[in-house]
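Okay, so subunit A shows up in both of these, paired with subunit B first and subunit C after.
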Partner chain A sequence: MSNIIDLKLFELVEKIKKKEISSTEVTKAFIDRSQKSKKLNSYITENFENALQKAKQFDEKPDFNKKLPGVPLAVKDLFCTKNIRTTAGSKILENFIPTYESTVTQNILNEGGIIIGKLNCDEFAMGSSNETSFFGNVQNPISENLVPGGSSGGSSSALAAKLTPATIGTDTGGSIRQPASFTGTVGLKPTYGSCSRYGIVAFASSLDQAGPMTQNVKDCALMLEVISSYDNKDSTSVDFKRGQYLKDLNENIKGKKIGIPKQYRVDGMPKEIDELWKKGMKIIEDNGGEIIEINLPNTNYALPTYYIVAPAEASSNLARYDGVKYGFRSKGENLIDMYEKTRSEGFGDEVKRRIMIGTYVLSSGYYDAYYLKAQKVRRLIKNDFDQAYKKVDAILTPSTPSSAFKIGEKTNDPVSMYLNDIFTVPINLAGLPAISIPAGHDKSGYPLGLQVIGKAFDEQNILNIAYSIEKNINFKNNINDWWIN
Partner chain B sequence: MTIDLKTVKHISKLSRISIDDNKAKKLSDDLNSIFKFIEKLEKLDTEKIEPLTSISETNLKLRKDEIKSKNIREDILKNSPEDNKDFFVVPKVVE
Partner chain C sequence: MDKLSKENKEYLIKRNTNEYEVVIGLEVHAQVLSESKLFSTSPTKFGSEPNTQVSLVDAAFPGMLPVINEFCIKQAIKTGIGLNAKINKKSIFDRKNYFYADLPQGYQISQYKNPIVGEGTVTLDLPNGEKKIGIERLHLEQDAGKSIHDIDPNNTLVDLNRSGVALMEIVSKPDLRSLDEVNSYIKKLRSIMRYLGTCDGNMQEGSLRADVNVSVRKKGSKEFGTRCEIKNVNSIKFMQMAIDYEANRQVDIIEEGGSIDQETRLFDTKKNETRSMRSKEDAHDYRYFPDPDLLPLELDENFINNIKKNIPELPDEKKKRFIEKFKLSPYEANILVSDIDTSKYFEEVSKNSDVKLATNWITGELFALLNEKNLEITESPISSKNLSKLINLIKKGTISGKIAKTIFELMSDGDKDPEKIVEEKGLKQQSDPKELEKIINKIISENPKNVELYKSGKDKLFGFFVGQVMKSSGGKANPQLVNEILKKKLN
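For the complex of A and B:
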């Protein structure tokens, strides 16, 4: 039998169900590999002993009707997990142990999943390279000193390095799809309202969505089925009929109309990415789909809009970290002084920067010029997609304007860091689902991804298109375990 | 528009984040480059556009106003940096 860690998630599920392998064996295999992979710094908190106990319990009393029967999974450290430390990558939550479980991780537990640890991420999910984490940089398994993307960088790193068979991240402006693209893995941001936000450390509430990160599209369909649910604990959760994403997964895209937005051909984009995009179009046509040029005229305004809306919501969400109810506290001469010192010492630079941008755009005299303006432009961006979807079923774009970059390369220039998300941010603003799948390599051998964007609640369609592209591309990740001595 | 040191200090006060002068200078530079980027939006005419406040734009569901979790004082106080078993404790506010 091949190595357990090399099995895909759906294969692990099958083998556990057929009793060919036990949950304990699988859990041990991923924990062993995680222990040998500390150099990647993918984990913030390990839950290994507890996970092994849970696996043993599963094997003693197995339930093979579950979707993730005794399957070990590590998850982004932005999901509150009962009795397991949850930091959001921040010093201010360094010692926070939730007394409740997020709905999404509860769904994983309900389906038999076992949490083996909490994965590194940019502080409060604010970043595109995992370099803002209080717990340090994460290595991309593709090559040493390469960023794994962000903010779900620990997730993408652990997944690509096979420390976990699948994982979940959160995506506010690209935080699932960009790291997936940088590590040669699959990442899906569901429609806003598909996965409950209850128990996810909030960043920008009108944009945040949880989603699966997996090695292939089939695993992605399985994970989405597990985590997507209506939840009355999240007032923005949408009560729609969720699909049987795995069962209905198929590669037939005959007659599908796929839009190509010309505005996504940005200046300075490497030739390889343009070629990759063309390769994607050809595959769609070869499989009976139709390529249609579309117009998303306000694309250029998406990033500036995002950098008003997201910090504004963040400044309000992060007001709760005051050193009183939970988290880090610094000593102060009086209450106000305590607040100010706590927040100054507890937050990192990028988080402080965004809180201050948000505070400014919401402050008296500037609200209309910035925040209200951004909300109006957000409407225009959403209208662009509504118009486009009158003509097409889905949209194909590159996932990112470049491949993974070196650690430290962009830390001094916030705007150039923000530009990473140019192809992913509009989708969050419009609340749509989108999937990034690995589709090729650049000249350095680093992975590149394609993004398929769908209509709201049309996850099945983009999974199927991604499945069809995946089958034709046959992408292989070049990972040589350089971090293991 | 430029964000000068005085404005940075003002925002830091509103944000309840103390910053020293060195940091304020660096922040002012960063914020200026970010706002230069953001101000692209000024070019767009949005006079007649309704702001988009929520993507779902549906009415929020009503639910019964009932207590779902009881006796969780201990849970709530568990993570507080300073407490006296029954309350959160903060520096003296009233003389």
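For the complex of A and C:
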């Protein structure tokens, strides 16, 4: 039998169901490896003892009808987990222990999943390299001192390093897809309204969406099935008929029309990425799909629009962290002084930067010029996609304009950091689903991803296209466990 | 308060040779009558122990999301219909951002540019006729918690029981011109909402508060003066005092050649004066924007129509009906409809008895009794059933009006049945003509001198005979019959 940690999620599920391995064995294997991998700093909070207990309980009274029977999973530390510390990567929530469970993690628990820990992330999910976390940088298992992407950097790192068989992240502007691309893994941002936002620490409410991060497309379909649900505790949750994503997973893409937006050919994009993109197109054509050039004319405005809308919402969403009710509080002379000290000491620089941007763009006198205009442009961006989807079934683009960069390389240049999200941000603004799958390597051997963007609520279609590409592309992650002595 | 006019005459402030008109607009905050809060399922019970009516949503825990309470939406629509206002099929909840210890989210969810209810009107019943006051809008918003500064000398305590409770902010146009109109407007709003069951109107418990906008202008001027807003006044009396103080303050400034600064002021109820709270320059920048946690609220025609169908008869319609059907005077009708419980009581009484007598007895004897005992009509010691019985006894001639007053007094002690009182005390009116004739014959035969004097033209003596008959019957003789028979016998 192969090593437990090398098994895919769906294989683990099968083997547990066939009683070939126990939940305890699986849980122990991932915990053992996690304990050997502290150098990656993927975890903020470990829940190992409790998880082992849960695994034991599962083995004593197993329910093999569950979709994740006794499967251990670590999750991004943006999901509130009952009785397990939830920090959002911030000092201001350093000691916050929720009394409630997010709907998405509850769905995992309901399907037999076991939470083994909370994974590192950029503070309040604001970042593209996991370098804004109060709990320190995360290492990309691909190579030492390489960022794992962000904001779900702990998740991508833990997943690629096989500390967890699958994980979940949140994606506001690319925070699932970019780290997936940087670590050679699969990440899907579902349609806005597919996964409940209840119990997820909010960054930008109109953009935030939870999604699966997995080793392969099949696992991704399984995880999406588990976490996506209609939830009346989230007013933006959509009550549509969810697919049986795993059962209906199908690599046949014959006759599918795939759009190639010319606006995604940006200046200075590495040659390898262009080649990768062409490789993707060829696979689609070889498998009976049709490549159609499409026009998304407002793509250029997506990044500036995003950096108005997201900070605006964040500036308001983060107002509740004021030291009054929970979380970090600094002593002050009076109420205002307490607020100022608490928030100055409790938030990191990137969070403060975005709160200031957001406050500015919502201020009277600037609202129309920034926030209102951005909302209008957002509508135009969505219209672009609506137009394109009259001609095509899905859209293929690179996931990121570059491969993973070195830790510290971009920390002093926020704009260059923000440019990382150039291919992912428009999708959040339009509320569409998109999946990033590993498709190749650059000259340094760092992974690169392709992104398949779908119509709203058409997750099955992009999973199928991704599945087809995955089968034909023969991607293999080169990870040599450099962090384990 | 010499400028407080008792009648509906012009409310003008005089200085030297100038007369100033006072322009008033009100922003009334009415607490929606509902079991649970606007965006959470916590109960709204008044007077509970601090922080016992608080959910994770109300306390703004990470990841908590607001979910609209459909009942509160219906209540706002109902109120809008009661204000003859336009119901907006699409409205938007916005965030009003500011920091305060009793505002857990760091923003209040309110409606800014797109309120649920648009323009409407409220009709005031004033002594010299009706006046229509324009309604600018009604929007829904969350209440904040309460900061308590006087329990702990070193700390401010926060009670979040109110946090998230639904409020309707009803904004009037600047159509009010006097303290009496303000009084009448608030009472009318309260009456409409109580008829609808959308707000209990309890000012002591803070269910109804108002921000008052006041400006003054020279009489005849068409331009509005600069206004000041007086925040959070919680009784009609204080509103009137605040307006009167503020209007006079503004006139004094203008008379001295100054100009009014647009600002927010507070009314100090102990010193009876308004004080500056913040100027326009210091005004908060609330950074309103649509709440991304809530989709725009879209109402379909059917939803609104279903609510319309179930709107009860409102005071204006009821008044009209009382005037037309019962031939009441507008004054009487007003008194009976202004409070929903009074109108209910009246309808119960008049359903089973004479309307005119019911009106007189309720507005006369009953109101006097309630006033004396300081009771609401819902706590009336005399039930509507027994009052209608009493009226029927009068109407049938079983008792006289005078005896009825005695019975009324006896009834008020434990809601006694007037029919039983009549029986027990033998207070039944003598209406048998034969019996009365016997008494009358006796009186005539006992007073031959007076009979002669009467016949010779001393008409005034008729009263003497009536008095003798009544006395002899112990006050129970039917006075009408006594008159008739006496006239026959003497003439």
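Following the convention adopted for this analysis, the second predicted complex is superposed on the first by the 485 of 485 C-alpha atoms of A that agree within 3 Å, B and C clash if a C-alpha of one lies under 4 Å from a C-alpha of the other, contacts with A are read in each partner's own complex, and residues count from 1 in each chain.
One rule holds in what follows: a contact is a pair of C-beta atoms (placed from the backbone, for glycine too) under 8 Å apart; a residue touches a chain by one contact, two chains touch by 3 or more.
As the structure is a computational prediction, the values presented were derived from the model and not from experiment.
> After superposing on the shared chain, does subunit C or subunit B touch more subunit A residues?
If we count touched residues of subunit A for both partners, the winner is B.
> Now for A:R353: first (subunit B), second (subunit C), both, or neither, which partner does it touch?
Only subunit B is touched by A:R353; subunit C is not.
> Give one of first, second, both or neither to describe whether A:S344 is in contact with subunit B, with subunit C, with both, or with none.
First partner only.
> Quick check on the superposed pair: does A:I200 touch subunit B, subunit C, both, or neither? Answer first, second, both or neither.
In the superposition, A:I200 contacts subunit C only.
> Please work out whether A:S102 is in contact with subunit B alone, subunit C alone, both, or neither, and reply first, second, both or neither.
second
> Determine, under the contact definition given at the top, whether A:L448 touches first (subunit B), second (subunit C), both, or neither.
After superposition on chain A, A:L448 lies in contact with neither partner.
> Would you check which partner chain A:A166 touches, where first means subunit B only, second means subunit C only, and both and neither mean what they say?
Neither: A:A166 stays clear of subunit B and subunit C.
> A:L73 contacts which: subunit B (first), subunit C (second), both, neither?
A:L73 contacts neither subunit B nor subunit C.
> If we overlay the two complexes on their shared chain A, which of subunit B and subunit C does A:D322 touch? Say first, second, both or neither.
both
> Which residues form the common part of the subunit A surface touched by subunit B and by subunit C?
Common interface on subunit A, subunit B vs subunit C: 96, 99-100, 206, 232, 235-236, 315, 319, 322, 324-326, 335-336, 339, 359, 363.
> Quick one: which bits of subunit A touch subunit C in the complex? Just the residue numbers, please.
Touch residues, subunit A against subunit C: 79-80, 86, 88, 93, 96, 98-100, 102, 197-202, 204-206, 232-236, 312-313, 315-316, 318-320, 322, 324-326, 335-336, 339, 359, 362-364, 367, 371.
> Per the contact definition, I'd like the list of subunit A residues that touch subunit B in the complex.
These residues of subunit A touch subunit B: 95-97, 99-100, 192-193, 206, 232, 235-236, 238, 298, 300-301, 303-305, 307-308, 315, 319, 322-329, 332-341, 343-344, 347, 352-353, 355-357, 359-360, 363, 370, 372-380, 382, 413-415, 418, 430-431.
> Can you name the residues of subunit C that touch subunit A in the complex?
56, 59-68, 95, 97, 99-101, 104-107, 156, 158, 285, 287-289, 292-295
> Spell out the residues on subunit B that touch subunit A in their complex, using ranges where they run on.
Subunit B reaches subunit A through residues 3, 7-8, 11-12, 14-19, 27, 30-31, 33-35, 37-42, 44, 46, 49-56, 58, 60-61, 63, 72, 75-76, 78-82, 88, 90-93.
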